[in-house]
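Below you'll find the structure, written out as structure tokens, and then a few comments.
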Amino acid sequence: MALLEVIDLQQQFKDSYSLKSVNLNIEKGDVFALIGPTGAGKTTILRLIDLLDQPVSGRILFDGIDVTKSKSERLKARRRMAYVQQRPTVFSMNVYDNVSVGLKWRHVKRQSIKETVEQALHLVGLADHRKRDAKTLSGGETQRVAIARALVTKPELLLLDEPTANLDPISTEQTEEILENIIEARQTTMIMSTHDRSQGQRLANRMGVLIDGDILQVGTPAEIFRSPIRKRVADFVGVGNMLDGVIEARVDESLVTIQVNGNVLQAISDFDEGEKVWVLVRTEDVTFSLHKTSTSARNTFEGPIKRMTPVGTLVRIEIDCGFPLVGVVTAKTVAEMGLETGSHLFASFKATAVHVIHRRN
Amino acid sequence: MALLEVIDLQQQFKDSYSLKSVNLNIEKGDVFALIGPTGAGKTTILRLIDLLDQPVSGRILFDGIDVTKSKSERLKARRRMAYVQQRPTVFSMNVYDNVSVGLKWRHVKRQSIKETVEQALHLVGLADHRKRDAKTLSGGETQRVAIARALVTKPELLLLDEPTANLDPISTEQTEEILENIIEARQTTMIMSTHDRSQGQRLANRMGVLIDGDILQVGTPAEIFRSPIRKRVADFVGVGNMLDGVIEARVDESLVTIQVNGNVLQAISDFDEGEKVWVLVRTEDVTFSLHKTSTSARNTFEGPIKRMTPVGTLVRIEIDCGFPLVGVVTAKTVAEMGLETGSHLFASFKATAVHVIHRRN
Amino acid sequence: MENSFWDAFVEALRLIRTLDPEVMEITWRSLQLAASSSTIAFFLIALPLGTLIHFNRFPGKRLVISTIQTLFAMPAVAVGLITYTLLSRSGPFGDLEWYLTPAAIVFGQTLLITPVMLGLVISALNAIDKAIPETATALGASRFQTYIICIREAKFGILTALVMGFGRAVSEVGVSMMVGGNIREFTRTLTTAIALETSKGERELALALGIILILLAFVINFALLSLQYRKLPWHYWK
Amino acid sequence: MENSFWDAFVEALRLIRTLDPEVMEITWRSLQLAASSSTIAFFLIALPLGTLIHFNRFPGKRLVISTIQTLFAMPAVAVGLITYTLLSRSGPFGDLEWYLTPAAIVFGQTLLITPVMLGLVISALNAIDKAIPETATALGASRFQTYIICIREAKFGILTALVMGFGRAVSEVGVSMMVGGNIREFTRTLTTAIALETSKGERELALALGIILILLAFVINFALLSLQYRKLPWHYWK
Amino acid sequence: ACDSDDTESPVTASTEVEPTNGESGRLKVATTTSLDNTGLWETLEPLFEEQNDVDLDIVAVGTGIALEYGRNGDVDVITVHSKAREIEYVDEGYGLERIPFAYNYFLIVGPEDDPAGIRGMSPEDAFKTLFGSEAGTFVSRGDDSGTHGKEKTIWANAGYEYEDVQSAGSWYLEAGSGMGATLVMADEKQGYTLTDAGTYLSYKGDLELVPIVDEGDTLLNVYSIIVGTNTEMPQAAQKLVDFLTSDEIQHIMGNFGFEEYGMALFTPCAGPIAPCNN
């Protein structure tokens, strides 16, 4: 049985903003990442799951019990969860008291509280700030207080709303490590909203893409990133190349040719001739070379570099080969190949690297 | 003359937390990124620059005028700046009023306010939320209101505290684009704190690394990332490999050999024999191959893969070649080379890719 | 005996229905006086002074706030005495010839309610998020503009101060009686009339006047509160 | 004439210094009565009821809050009349034989200050960040636990309610006079004594008693405020 | 205290030529509550205002305050009922002349069944009985009012030091309140009290108290009017004196109360009529 079952959940605000029908099944031990753009409704869903708001309609079954109905069930359920809010609020007490208050509310014994809290404070690196007024903490420190006070209650379901949004990369790494340890040690089930796509990838075993109040796709990170089933998902996860095409002809059982802006691509697809499609190619599947080489890649195009943008340690290269095609290479490669805007390049990608979705999606 | 000159700035809080002596020079048109871990003092500096807090000691010259002294100077200076706070607070008014209030305070004409505000709302994609009570906005939407209301005042100096921390990648990209346009169009000087190291790289022409209340290094992004002058900076910017070494011998004018855990590396350095050093090698400078190949790289080591971690579209690979050595490859490469934990690999990097800093730093 | 209330209520309604000219006149005067003194106390003193006290640091601030809160306990009779001492013809302000006139009542009521309003204004401002004034300052608001926006944000509490002050002014009897003199057609207010009727043994009439006073306060408050509710946090609406 | 104040002050000091037994007795009674009524009104009524009203949605909530605020304007004389009607020998609670005893004063004062305290408690709770109760709830606080933490966060405002209520109780005269009867050595309080001395024309003595009352309030408030300041936002300390 | 600014004293200025209606303004009269609570002033005020172009401001206070107001110059005229203090007031130079204009009698009222058995006694004997038997509660005004002063006089006449009475026991209650409140209290306690007739009559409907002792010279209660020496409206003040002592008004006063209470509340006594002048 699923630990959490969300059935047909709807939320509506005064001026008609809404969460359309949302369905979710979270199994025990799942680490579920909810990704989606600003304003999509991620926080709205988490608030509903933590039973802070009442949905307009729909049901939430926690451990099989419908918790949207009774107040006492709701408190019981809520005490088995913990929710790290997007903009955590701390109480006007010191850090220690802030972290321990959840346990006090659960009537945990003093001594046991002390141990648990001290441990958590060390875990998140706030042991030295123990006596500080929590209101004076920095952004990142506040976020860590929120994480610590959620963890001390040893929740069965941990809800995290952008848990590392205010943390620097090192703290983010530390936090992720903490979360990973908890996932391993306690098999805690988690639902996290994040806009750090790679964070979702690193921690989650399942992901849901929420756009405009609709969950458009649920699947493993790989599925979401490599095979978005909708254009809007593809837009959001950022495949890099999304081309406007029409199926030209079927080559064999699996292979088709696709007409894109006068060019012809080969791809694996079972769409019929004449169907209008979106052709997706992930940037990292595009290989560049200075000269035409014979590769197993079925698609090879050539053109000048139109734009180069550094992205972390990589460089994003866009060439114009009848249509704009984007790929990434390492900064080192750029230097070694002596690339600059205008350089003529050959780009190739395999037919299997092409993902085709119907235009109506 | 520098637009902003920060001289010997110190800040101290009740329980002795502090900003040690900070010096900064921001020229007109500079885009300066302040990076540093949680609690380093980034917000503290920005607050002092925006003259919200009084420093314990030190001076701030804005356009040549010492603004720490007189109240009227402070208001005048502040009206030429704008500050997007880390946790933006909105007033209990609708979105339009929130964005326009700064202009009203500057006694701008109604009609002109309307135009400017509408334009800004469109720019940040909040035009539809114009009439919404700003308190009900989502995290990302709130952040955009904060950016919009800072931009409408056409500041000469824009202070941004983690401006995209709450934004999804697409919004982040949009925001960065907006900022880029402003940098280009208006030559606005900016100081931004960010823990997104690549954001700093993308937007800033100069960077400062703030750790524990000290600015440890100021330089171009490339300098900071490739040649950190302190271990703590290196730790923070994350070079990937930081090895404990001793200079073994000098090979020629520039080249030395370094003893690391029994292995010998070659590097460019002018340290003397016997000096204890940190040896830094950026992950992206490490090349892996399945077989020993002859390359121009002076350092080649081999060993089994100990760990593989996906990072975005890349995979971080750590091999054990007498010491742990980390590099990154694309996910595609991993698949093509059929890599998995335990696979035996050769890793090589050039002597010029090795950055050496003294152990006492 | 419970009939007393009922009788009083019937009497109050009768007085209102028949628009009893004397009662109307007294009610109107009560309203005018209390409105004047609360306007003066609120807009000229409590709001500006409270804002300055709240937003500025100065030595003895704690003491000032404690003193203000202590003056909540200032009895109306004592304020009446002080006002008398000041305004009586042989007092320092005797040449104003305010004593036993409506002006004296406004003066005394202002004295009486200023601490209450001040204390509540400070308390209201103290309750708003500290980030509000900072954000305003950062957005280039001058000191004064910052104050204004904070007052806006503290609206509920600030209006409570006004409502409370008006309530106290309209309901006090010590000052009006002592320095107004309860002179018919000149300084008689609802509360002094209530006191008079009570001392005459006209209990029903006194209670009826009390009911009229409450109705008056209700109308005023509703007007003020409608301001307040216009922007009340959403959960009050639901 | 300005000497009046000085004379009154000297007289007040003399009364305190000589520990004038009658004045001490009256002062102690005033304190006891006002403390009793504010304790009852605050802890038994205003705090729990105000919290419930604030945190719960129900039809007519707006009206309830407006009504409470309207009752700020309830004159003490009217409360005295009501209390009289209830407690007098022939009233519904006549068999308690509270009329003309200190119990009646406590009863009446409680009636008088409950709306004030209720209104201020609601206003104080209304001013805290809406995220506070939510965060508490999310951390597994029960309804009651959530209330407690919100009250903690609203401390300044809540204490203002208590201080204001105590101030109103200790300074009111209408109720004490009407239902206590100002009986010497039994129900005479500082305010009724002030009223009496005033009506005797003993202005200095009256003012002196007023000063003693204020000093009493100051001591009480300082005790309460020391609680409040212990956790006041940092900028009050600087 | 009152003639420090002789040179521009409006008293001298106005007594010479100016007619009354030149003294535009409000004539302030501090009156003892018992005169006002009966509604007498309410009847007289419009009559006076009709005849004279002046606003008459009636301030009802205790005798003590009325005298103080007069001393401070806050009112122009006082009407009170405490002979000794009135004479002192005039002697000190605050008042021009004490002019009695009406009188009535105080009453000792008590429960119908008269537990102390003082019905029909002289006031002094009644007080002696109360003191000795302690059978009935006595509620005293205890507020230094004219009525309270009268009570003290009776105690003195009966041979007691007032302080002994105050500490005599729980039968003697000091209300420190106005007449009405004291009556209500006496009623509630089923005790006795000394009251002026006017207030008693207006409260009678709500009380179970009945008059127990209503005869005796000491119970005489004389009301007089005194014009302040430093009034700014001497002519209007004089008009008021003339008005009160005029035959027409004296007549009205003599009939005041018949309608409402079935008996006259005051006996007019302007001019050289006993008992006002003893």
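Couple of notes before you dig in:
For clarity, chains are labelled A, B, C, D and E in written order, and residue numbers in each chain start from 1.
Just so it is clear, a residue touches a chain if its C-beta (ideal position, glycine included) is under 8 Å from a C-beta of that chain, and two chains touch if they have at least 3 such contacts.
Bear in mind the structure is a predicted one, so any value in this text is a computation, not a measurement.
Touching chain C and chain D together: E.
The fewest steps needed to get from chain A to chain C, moving only between touching chains, is 2. Ranked by C-beta contact pairs, the top pair of chains is C-D. Taking each chain's centre as the mean of its C-alpha atoms, chain C lies 35 Å from chain E. Inter-chain spacing, taken between the CA centroids of chain B and chain C, is 56 Å.
Centroids built from CA atoms put chain B at 23 Å from chain A. For chain B, residues that reach two or more other chains under the stated contact definition are 87, 136.
Counting partner chains per residue, chain E shows two or more touched chains at residues 61, 178, 181. Touching two or more other chains at once are residues 88, 90-91, 94, 129, 198, 203, 234 of chain C. All chain pairs that count as touching, in label order, are A-B, A-D, B-C, C-D, C-E, D-E. By the touch criterion stated above, chain D contacts chain C in their complex at residues 1-2, 4-5, 57, 61-62, 65-67, 69-78, 80-82, 84-85, 88, 90-92, 94, 116, 119-120, 123-124, 126-130, 154, 156-157, 160, 163-164, 166-168, 170-174, 178, 190-191, 194-195, 198, 203, 206-207, 210, 213-214, 216-218, 221-222, 225, 229, 233, 235-236, 238. Note for the complex: chain C touches chain B at residues 129, 131-132, 134-143, 145, 149, 152-153, 231, 234. On chain B, the positions that touch chain C within their shared complex are 50, 52, 71, 75, 78-79, 82-83, 85, 87-89, 91-92, 101-102, 105-106, 133, 136, 149-150, 153.
On the side of chain E, the complex with chain D involves touching residues 61-62, 64-65, 67-68, 142-145, 166, 173-178, 181, 185, 188-189.
Those residues of chain A that touch chain B in the shared complex are 13, 15, 35-39, 43, 86-87, 131-132, 136-141, 144, 161-162, 165-172, 195-198, 201-202, 235-236, 238, 282-285, 309-314, 328, 330-332.
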